[in-house]
Amino acid sequence: MSTVDATTAIDKGPPNDRPGGLLLDVRDLRITFSTRQGDVNAVNGVSFDVRRGEIVAIVGESGCGKSATALSLLRLIPELPGRVTGQILFEGDDLYKMSTAEIQAIRGDRIAMIFQEPMTSLNPVHTIGRQVGEPLRVHRGASADDALARAAELLGGVNISEPEIRIRNYPHQFSGGMRQRVTIAMGMGCKPDLIIADEPTTALDVTIQAQVLELLCQQVDNNHSSMLIITHNLGVVAQYADRVFVMYAGRIVESAMAHELYSDPRHPYTMGLLSSVPRLDQRATERLAEIAGQPPDPLKLPPGCPFQPRCPRAIDRCRVEMPPLEAVSQTHKRACWVDAHG
Amino acid sequence: MADTNSGALVEAESLSVHFPRHRSATRPGIAAVDRIDLKIHRGEILGLVGESGCGKSTLARTLLGLIEPSGGVVRFGGDSIGNLPERQMRPYRRRMQIVFQDPYSSLNPRMRIGETIAEAMFIHGHATKSDAAPLVADLLKLVGLDPAMAGRFPHEFSGGQRQRIGIARALAVRPEFIACDEPVSALDVSIQAQIVNLLHDLREKMGLTFLFVSHDLAVVRHISDRVAIMYLGRIVEIAPKERVYDEPLHPYTQALLLAVPVPTRTSQKRSARKVMQGEVPSPLNPPSGCHFHPRCPHAFAPCALKQPPLREVATGHFVACHLYEPQQRSAEPDHAEDSARREGQTPHGGGSQVMSTNPGQMIERSGEYR
Amino acid sequence: MAITDVAEKLLVPPSGGTFAALASSIRRHRLASVGLIVIVVLCLLALLAPLIAPFDPYHQDLYAVLSPPSAQHWLGTDNLGRDLLSRILYGARVSLMTGLLCTFLAAAIGVPIGLLAGYTGGAMDAILMRVTDAFLCFPPLIFILAMSAALGPGLSNVILSFALFGWTGFARIVRGQALLVRELPFIEAARATGVSRFRIMWRHVFPNTLAPIIVAISITVGGAILVESGISFLGLGVQPPTASWGKELRVGFTYLEVVPLFSLAPGLMISLAVLGFNFLGDGLRDALDPRLNGFDR
């Protein structure tokens, strides 16, 4: 076992104009799912932190463990196939040492989760209004009527038209993007300290996406709360995030301030990612640039750097030894043996 | 691209779909799809974009015969399929497929994904129980998944992996036409590129026809031949992609293109996007006249009164907007041109793009476009 | 009724395997595990009766009728001098078997009807549900009694009549669940693939109604045991010399003052079994609530 992310040390560097107390601190998180084929190592030693008032983004390959990381923050990884180790400190308290009642009091109230696939968090047999109002009833003791009225307000906030009528609909009567907005409204109800948003805007068109993200950012600003946003949309990252973590095969391979990542990516995977983005401000080419090859099988990760089989710059060392996450500047780290520049 | 009538594989004629507003409602409901005319030619990739909730999924599902139209006709390969009972629909099922928007809920939670994909093959006789396994493995590899995953249940996958399972299931039937409802929304850009290239190859090599619904305008530009823009149940613009992106005519299309986030760090954060203002309209209670008029920067008198028809203003370029209605222009030429000039902003050419269409070019023919 | 409420909540539990999910949730739920243990012990006793029963349950010893518990006859003997413990062990086979058979037969009628009504909807649904309602109008116990009486006494008639009147519960639960499941996108996905209606019901809808069916089965078995006991108590169920708990209870009842254990012991067994199945059912119901399930570690 190579010593990878010994990066538990908190980099206290980045200039941040907002109060930067540590809100969430994740240390050496590992998540394993046991399946019939063997153990799937979904997350392999991830450490990161989120400061108060900050918007942190996680980007990365499909299946690299982003959602698993997010779910583990609220102890939502099912016990049966899943195993979580490491420390998750929320305001200094280890979430995994709390009682069930304590963690339930935090879920949906202090930390809200916006799930990747809206249908997983919506109950098909209850009305939208009831479900959006639910956290308010549970955590704020709101009456059924108050909760419903507030639900309509929240839905209006995420641009659902005629919310007073729409609260009587069931999830299947909403479009994909509307359901996604419902889960966002649900997450914002209790004004949480930390919003974990797992691909919150994938099903939204650009204008509504912009409005919804704006709304989320306003919440962050107004309540001095923070947001951990997982997204594939590098445009969204560029526009809204303060810091970015790039994940690959269950590891963080690069972390940087958002602008640094775009101007000076240091990991070959990040570079590949940035060059695969289809952009409107460039001419369309025949084929989109892809990163050649397939992501590694989490059942049998290659020795050395997990990106090595696909990496255009790989050297011999990459095949045998895992690169540690090393600082290239005060705010910028990457895990790569080659001193690569974009 | 075939320009003839016979080239249309999928066709909608004045297609409408209405949903009740809620369970016990008797008042008129939501017109999710409102008198749409559309043709998708054989071998074509038609991009479909539009605001969330404007009826894109409903349109796609209706074209596939999964929702009964409330009015109008759907044709597939020339045969009307709109109201066919399920049994008579089955021969068509093998020829057309859909990739659903929500990958998780469109997979049976109790079935291993290998079974789900194999089921699609059995039903249409593309495989038997004994030889399905290698075919399933091939399909999984094609969409970038590990064939060893065939024995897993849907909840054991990541969001992007499930989305690719949905694509594999659609391909398993070997259809002629696939409606892809946001098929790459949950994929990171690199795998997204692989899938988009895969669809492109399928079209090139096997002549597949696609309806490609997406919110990612860059991907749509990349993959499509033509692009249709929907707003509140209606198609407001449809044209070859170069025209849509270089010369968008409808004010909504223009607003949409302006709002695309660009993956470069701009100096001032969170202000680079010009976000459209105004209330999001309600499909329960659509605005009068042009549905877009309350949010439209160019709206003028007739906009609130009369719904503009979809009219061909240049070869193959259709738009439904009073700015391009010849009568309106002669009636109120100054107002229309002024407002367009004053406020018209397009992403690629500055303020005068709206006017770049020579009025003389406008063809009186309305409705039909091919 | 509570069960349909549960059925709603059970819609598509997050896990793939019903039984794996059930097993793990039972383990977590104390009442359910108690119920399960009771049931397993009772079933074992019944299965192993020939091995563990100290006497032949039909062997009469007319010199030792109604004897109190002794080292030889742990629970004493009945009015014909047969060993009560052995009779109760053998009676467990009859009573449990009847309970299970009744339930499975009822489920076998009710589930397909419910599936058909719920998935097809429309006129079919209306007709099938009116029929179900018609059956529900009859007070079941009285009808089972009447039918048993009409068909003549005997266990198979009890089972038949129970199934004939007990399926409605299953039909309603399954219909309710099917109504919800058919709105889910994966059903539409199956239709889009071209899966036939029958196969959709069988392969896609049915597995997703399993969880509430299992809860219902568990609770119904308890009820069926009670019904069998009642009917046997009235003399219409099992015929002598076969033993069943209800039958023992009936005979023992006559001698309640002489040897109280004669009726208490079978009565206790009935209560144990019924409670066991109900605990299990209740526990499953709570534990399978998807909003709680899997969310805690």
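For reference, chains read A, B and C in written order, and residue numbers begin at 1 within each chain.
Simple rule for what comes next: a residue touches a chain if its C-beta (ideal position, glycine included) is under 8 Å from a C-beta of that chain, and two chains touch if they have at least 3 such contacts.
These figures come from a predicted structure and were not determined experimentally.
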item: Contact graph of the chains (line, ring, star, complete, other); value: complete
item: Between B-C and A-C, the pair with more C-beta contacts; value: B-C
item: Between chain A and chain B, centroid-to-centroid distance (C-alpha), Å; value: 28
item: Where chain A and chain C are represented by their mean Cα positions, the distance between them in whole Å; value: 47
item: Centre-to-centre distance between chain C and chain B (centres being mean Cα positions), rounded to whole Å; value: 52
item: Chain C, residues touching no fewer than two other chains; value: 12, 14-15, 184-185
item: Set of chain A residues in contact with two or more other chains; value: 119-120
item: Residues within chain B bordering two or more other chains; value: 102, 105, 152, 156
item: List of chain B residues in touch with chain A within their complex; value: 19, 21-23, 49-53, 55-58, 101-105, 144, 146, 148, 151-152, 156-162, 164, 181-182, 185-194, 196-197, 200, 215-219, 221-222, 245, 255-257, 259-266, 269-270, 272-273, 275-276, 279-285, 347
item: Sites on chain C touched by chain A in the complex; value: 8-9, 11-12, 14-15, 20, 24, 180, 183-185, 290-291, 294-297
item: Complex contact set, residues of chain B against chain C; value: 61, 64, 66, 86, 89-90, 93-94, 97-98, 100, 102, 105-112, 119-120, 123-124, 152-156, 166, 169, 173
item: In the complex with chain B, residue positions of chain A that touch it; value: 33, 35-37, 59-63, 66-68, 81, 116-120, 159-162, 165, 168-170, 173-181, 198-199, 202-211, 214, 217, 232-240, 258-259, 262-263, 272-274, 276-281, 284, 287-291, 294-295, 297, 299
item: Residues of chain C touching chain B in the complex; value: 12-18, 184-186, 188-197, 203-204, 207-208, 210
